[in-house]
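Below, each structure is written out as structure tokens.
Look for chain A in each of the two complexes below; its partner is chain B in the first and chain C in the second.
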Partner chain A sequence: MQAVGTQRSRVWGARVLFLLPVSILFFFFFIYPFLFTIYTSFTSWRGIGSMKFNGLANYTKLLGDPTFRKALGNNVIWALSQGFIQVPLACLVAMILVRKPHFWRSLRTIYYLPNVISTVALAMVWVAIYNVEGPLNAILGALFGAEKRNWLGNPDTALFAVIFQTVIYIGYFMIILLASAMNIPRSLYEAAEIDGASTFQQELNITLPMLRGSLITTMTLAMAYGMRHFESTFLMTGGGPAYATTTMGIDLYLKMDALRYSEASTAGVFLILMGTVVITVLRKIFGSSDPMSEMAQ
Partner chain B sequence: MLKKSRLIALLLMLCLVFPLIAQGQVENAPAKEIELRWASIWVGNDSKAPAVEALVAEYNAKNAGKIKVVVEPQPDYNAYEQKVRTSLAAGQAPADIFTIKFNPTTATFYQSNLLMDFAKVMDTPWKQSFDAGSIEQSTVDGMLKSLPMETAILPIWYNMDAFKKAGISELPTTIEGMFAAFDKLKAAGITPASQMTGDTNAWTSMIWFSHFAVSLGGTNVWDKSFTDPAFVEAAKLTKRMIVEYSTTDAVGLGAGGSGGHFLAGRTAVFSNGPWYAGRADLAATPFFNSIKIAGLPAAGSTKDFMISRLQANICAASSKDKAREAAIVDFLKFLTSAPSISKIAETSGAMFAIKTDYRPVKALQKQFYDVAAAAKTTAFDLEAALGAEVTLEFAQQLGALALGRISAEEFCALVDRKIER
Partner chain C sequence: MKHYYASAQIIANLLKWILLVSLLAVALLPLLWLLVSSLRTNLELQTNPFGWPEKLQWVNYAKALAMASLPRLLLNSVVVAASAVILNSIVTAMASFILSRERFRGRDVLYTVFTAGVLVPVISFMVPYFSFITKSGLYNTLLALVLVYTAVNIPVSIFLVTAFMKSIPRELEEASVIDGCGFFKRFSVIILPLSRSGLVTAATFCFIYSWNEFLMAMLLTSSIESRTIQLGIKFFTSQFITDYASMYAAVIITIIPSIVGYVFLHDKIIGGLTAGGVKG
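Up next, the complex of A and B:
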């Protein structure tokens, strides 16, 4: 008994030892900054000097700020676009590639290639594409006689333009879904074929249900990315024109730029809360069951 | 076998530890030499980089064994500004020596105990070597926690080759004459002016707006409410510039694009500071020798002024170590001495808040000095007067103004909302 007890304590000791380094890092690089952000959101602080507690004043100010409300709305649009356009597109391509058409490996690489190029480089390319004298206007003019548009300079088109150039890069989610789709047992499809199911019916009744777990994961990731979107929009439009493309991330950054650290922290808290809400709602709607995992058990 | 492996492990340990001990001995040797870190933006492609590098080398050679200045290159200015802000917020000076753009936003840095107060360490001769107005502008509540270094005037640049092509031989002297000249340029197939609403400050258009506002409202226009008629009229004029006399991509365009149009000869009129004069790509343009620098024709009753700003102020980390503090002061005295400033000005075209006998010989740089000297008075631009946050709002709403989404009155009201008075 004593030997068993000693063995157990050794195992626990080893577990604690292995978890300790990452726990320390997690505390200092996530928990502490997270708590500090929440704390500063209840103060008045310009990054220099002392913090003065001011209760909910920052939250009231933020909710009354039309720019922040615009940013919040844009983030919801981003989340929905990435979750309900980008992921379904990725799923569609994965479902085609899993059937291994000609050159499927090359196509898989081509779809994934933009994900290895830096966001900065891609953003600069798209700025050139969307330029009034750029290739997009040239092509649309040549094909449809369309007049030239300032895609990124017009509040009516700027948000669509920046979302479009992100949503079409489906490689990351496609790879996840493709890997899951390749693990679906072929026997299910063979049985369905014998029963006379068409390809469409097989995809609808076999592939999609079996991909449920991966779809929930990719949608959660996509919507989380949408909620905290910053990079490409900041590079392409800076959140303009007239805040048409601003997001909570950009609003937070610009508040920091103006040394309004406590207001930036408040925006950060909102970001975290919104992200949590989105993920929780998603899980509630779609559940968390994964037929693939259940089959494997 | 076991003994052999233990022996090998011991030898390996010694190999690893020995360099550390040796390192320590090397570091111990020059302990008396004070090393000053300078987070410098004047590196790489900056026009001041070669002169600054030479001056640092000269200083280090003269003070070998006593003081050594080590430059930490900061080629990305936006990232550098972030570093300064973040470091100060974290309770740490970004370096022993660093620069800031002095404006109402960065004046907040004066509240930090991390910055050296030059008011306490400056002797009279050193103080008198600076332009008095710049020293006054850099003083907040009696504290002088940054020294004015680089100044700038922000005139209008005219490509006279393009003007001649349109049949215009003289610069317009009235605002109506300016618009008439612009119409002639358009008729000749030349876009009159570079404008932009992008980036965080709509730089080119912000300068034009500043010229209009000061001309209409006086040099103290920035003390007035932004809904003042002077600002409303300035907004209307700026909108007209963007809509009628600029490139089709002006809305949303950044400074690179705005400058690029001028450099490529696609626009005839531009606005920027003296640092632009030292650019190699500008010197390579076919119209380089025909560039004329001048003020904007007066839109209002205020004339003969120039928009100017403190472009870079130099800060130092405060230190309880008197020797270190003395080293910083010694180096900054050297850097801001008339001979040093003359060397930097000569090669870069930049202008400084330190008095020197230097007068440029290169034609374009000479024009800046002549225009600055001819101005009877100066006024800040919008960003220098009202800070980063107000300027950001200006830039964001300028696009909406240019597209006719908001009126000039609404534009001014939105910007006024951001001003803390």
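Up next, the complex of A and C:
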């Protein structure tokens, strides 16, 4: 780019001009809020008036708050179930689809469909499905003669019910895993075939190790999403009954709604922190080098 | 050759299809149930949660659309989502051009900072967003939502569009420089048209997010004039309290744009997800 280099200052002016809109938006909606959240978490502030520094008071208060502790525990359950049930299931489906059974393209497209539908709409459907007089009880009653349950209204079943419905979003992780499974060289399987390895052995000794990198990626994503879960639970139960399904995000919202702004900010700091913990811990356990990323280069 | 495995193979095959079909059911049945329910009478819904409508009740859709607020809420959603998509496409195309085609110190740092935004849970920013939007006088305006949706999608869009622009061969650009194309011409005549596919992918993700978003809309707006359809079906359904069938019809109306968009653009969406996933 010799020709461009001669008009240095004009080019720099143009570069800055082109980066400016994104930088301004990024500053106001990512950097400033990030600093603001951390700052207000060390103050007592109720949305109006001055911010008084009060050290770690919000942190000790929040950690002693049974509602927040319940929320934190629920988020951990969310993260584990997403990472260790949702992702392995998605991986199993990807391993089936990569062998291109009939209709695999259509299946891939349909499995992802719920991810583009609004959570509000789907939450409404699930509330109806879980209703005492709803389809789920009707099916279970017809098949097993099971008693009718109030799935979302009972503290014993509510958390299970709100987590179970996430199975409809499995297509997201499946597509990522399927894409990298498709990148595995066919020659590896052909060689294994010649050596007499069964399909099961091939999956175990070729597919899974080759998917390692994408599995770590999807598990990290899934667990980070579990930590920041808000929407479908808020819409289905509002965090109830008796806080049985509350999450840090819901707790943050309710504290803010009660004008406890700096406590809400502190919950926000925990949300960011727990996401970071998930990412660092998974990196520490599994390391970041993997065959896939080497292949991608 | 594999006689011993024949029966095991049949069982494995069977299990495979049971899994695939159950997941298909899980993905589709809720939507089908919603569609069928929106065409039944309330009496039918009460007596049996399943079953086909005796007669298709299209009147439910007429009733839903006749609800005072529904057309207005739909219009708001269209305006917000379209504006966010356009604004996001323009600003990320400009920034991605610099981040992918220009060479200068700090470029990769800047790219990392912008894309690292995806790691931050935006819901933890409820307090600052609310306070900032209120202070700037944007509370309860469509503009507030347009700005938030545009900004929240920047990390994903920058990631997708920059990756796409990087894949354009340098020779094309160099030839244009020799032909006397300046900075702006290189952007508008060479890079922008060649990046159309990447921009459409980013725009699709931005549209899906903006059309479906619920929390920020709830937080930053308070009246029908600036609320979106997602809040409408959550909060204004009190109008439907005894008329579930019409409520389901209203919900179907709100998800039609997503489904239509998906039918036409699912290859772009799947391609976009793949771009992120394979590289990890």
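Just so we're on the same page, the second predicted complex is superposed on the first by the 267 of 297 C-alpha atoms of A that agree within 3 Å, B and C clash if a C-alpha of one lies under 4 Å from a C-alpha of the other, contacts with A are read in each partner's own complex, and residues count from 1 in each chain.
The rule is simple: a contact is a pair of C-beta atoms (placed from the backbone, for glycine too) under 8 Å apart; a residue touches a chain by one contact, two chains touch by 3 or more.
Note that the coordinates shown come from a computational prediction; the quantities given were computed from them, not determined experimentally.
Overlay on chain A: chain B and chain C clash in the combined arrangement.
Comparing chain B with chain C, the partner in contact with more residues of chain A is C. Using the contact criterion defined above for the overlaid structures, shared-chain residue A:Ile216 touches chain C, although it does not reach chain B. By the touch criterion stated above, A:Gly47 is placed in contact with chain B and with chain C alike. In the superposition on chain A, contact is made by A:Gly240 with chain B only, not with chain C.
Look at A:Leu62: by the touch rule set out above, it reaches neither chain B nor chain C.
Once chain A of one complex is fitted onto chain A of the other, the partner contacts of A:Val98 are absent, as it touches neither chain B nor chain C. Touch criterion met: A:Glu133 reaches chain B and chain C at once. Of the two partner chains placed by the overlay, only chain C lies in contact with A:Tyr172; chain B stays clear of it.
When both complexes are overlaid on chain A, the residue A:Met256 reaches chain B and chain C alike.
Of the candidate stretches 39-47, 129-137, 147-155 or 255-263 in chain C, only 129-137 runs into chain B once the two complexes are overlaid on chain A.
Touching of chain A by both chain B and chain C, each in its own complex, is seen for residues 47, 131, 133, 256, 261. Residue ranges of chain A in contact with chain B, taken from their complex: 46-49, 131-133, 148, 150, 152-155, 158, 237-243, 254, 256-261. Only residues 5, 12, 16-17, 19-20, 23-24, 26-28, 30-31, 33-34, 37, 49-50, 90-92, 94-95, 97-99, 102-104, 110, 113-114, 117, 119-121, 123-132, 147-148, 150-152, 154, 158, 174, 177-178, 183-184, 187, 208, 211-212, 214-215, 219, 230, 233-234, 247, 251, 254-255, 258-259, 261-262, 266, 269-270, 273-274, 276-280 of chain C touch chain A when the two sit together in their complex.
Partner chain A is touched in their complex by these residues of chain B: 85, 88-89, 105, 108-109, 111-112, 197-200, 247-253, 387-389, 392, 395-397, 399-400, 403, 405-406. Residues 1, 3-4, 10-11, 14-15, 18-19, 21-23, 25-26, 28-30, 32-34, 36-37, 40, 47, 92-93, 96, 101, 107-114, 116-122, 124-126, 128-129, 131, 133-135, 138, 167-168, 170-172, 175-177, 179-180, 183, 198-199, 213-214, 216-218, 224, 227-228, 230-231, 234-235, 249, 252-253, 256, 261, 264-265, 267-269, 271-272, 275-276, 279, 290, 292-293, 296 of chain A are the ones touching chain C in the complex.
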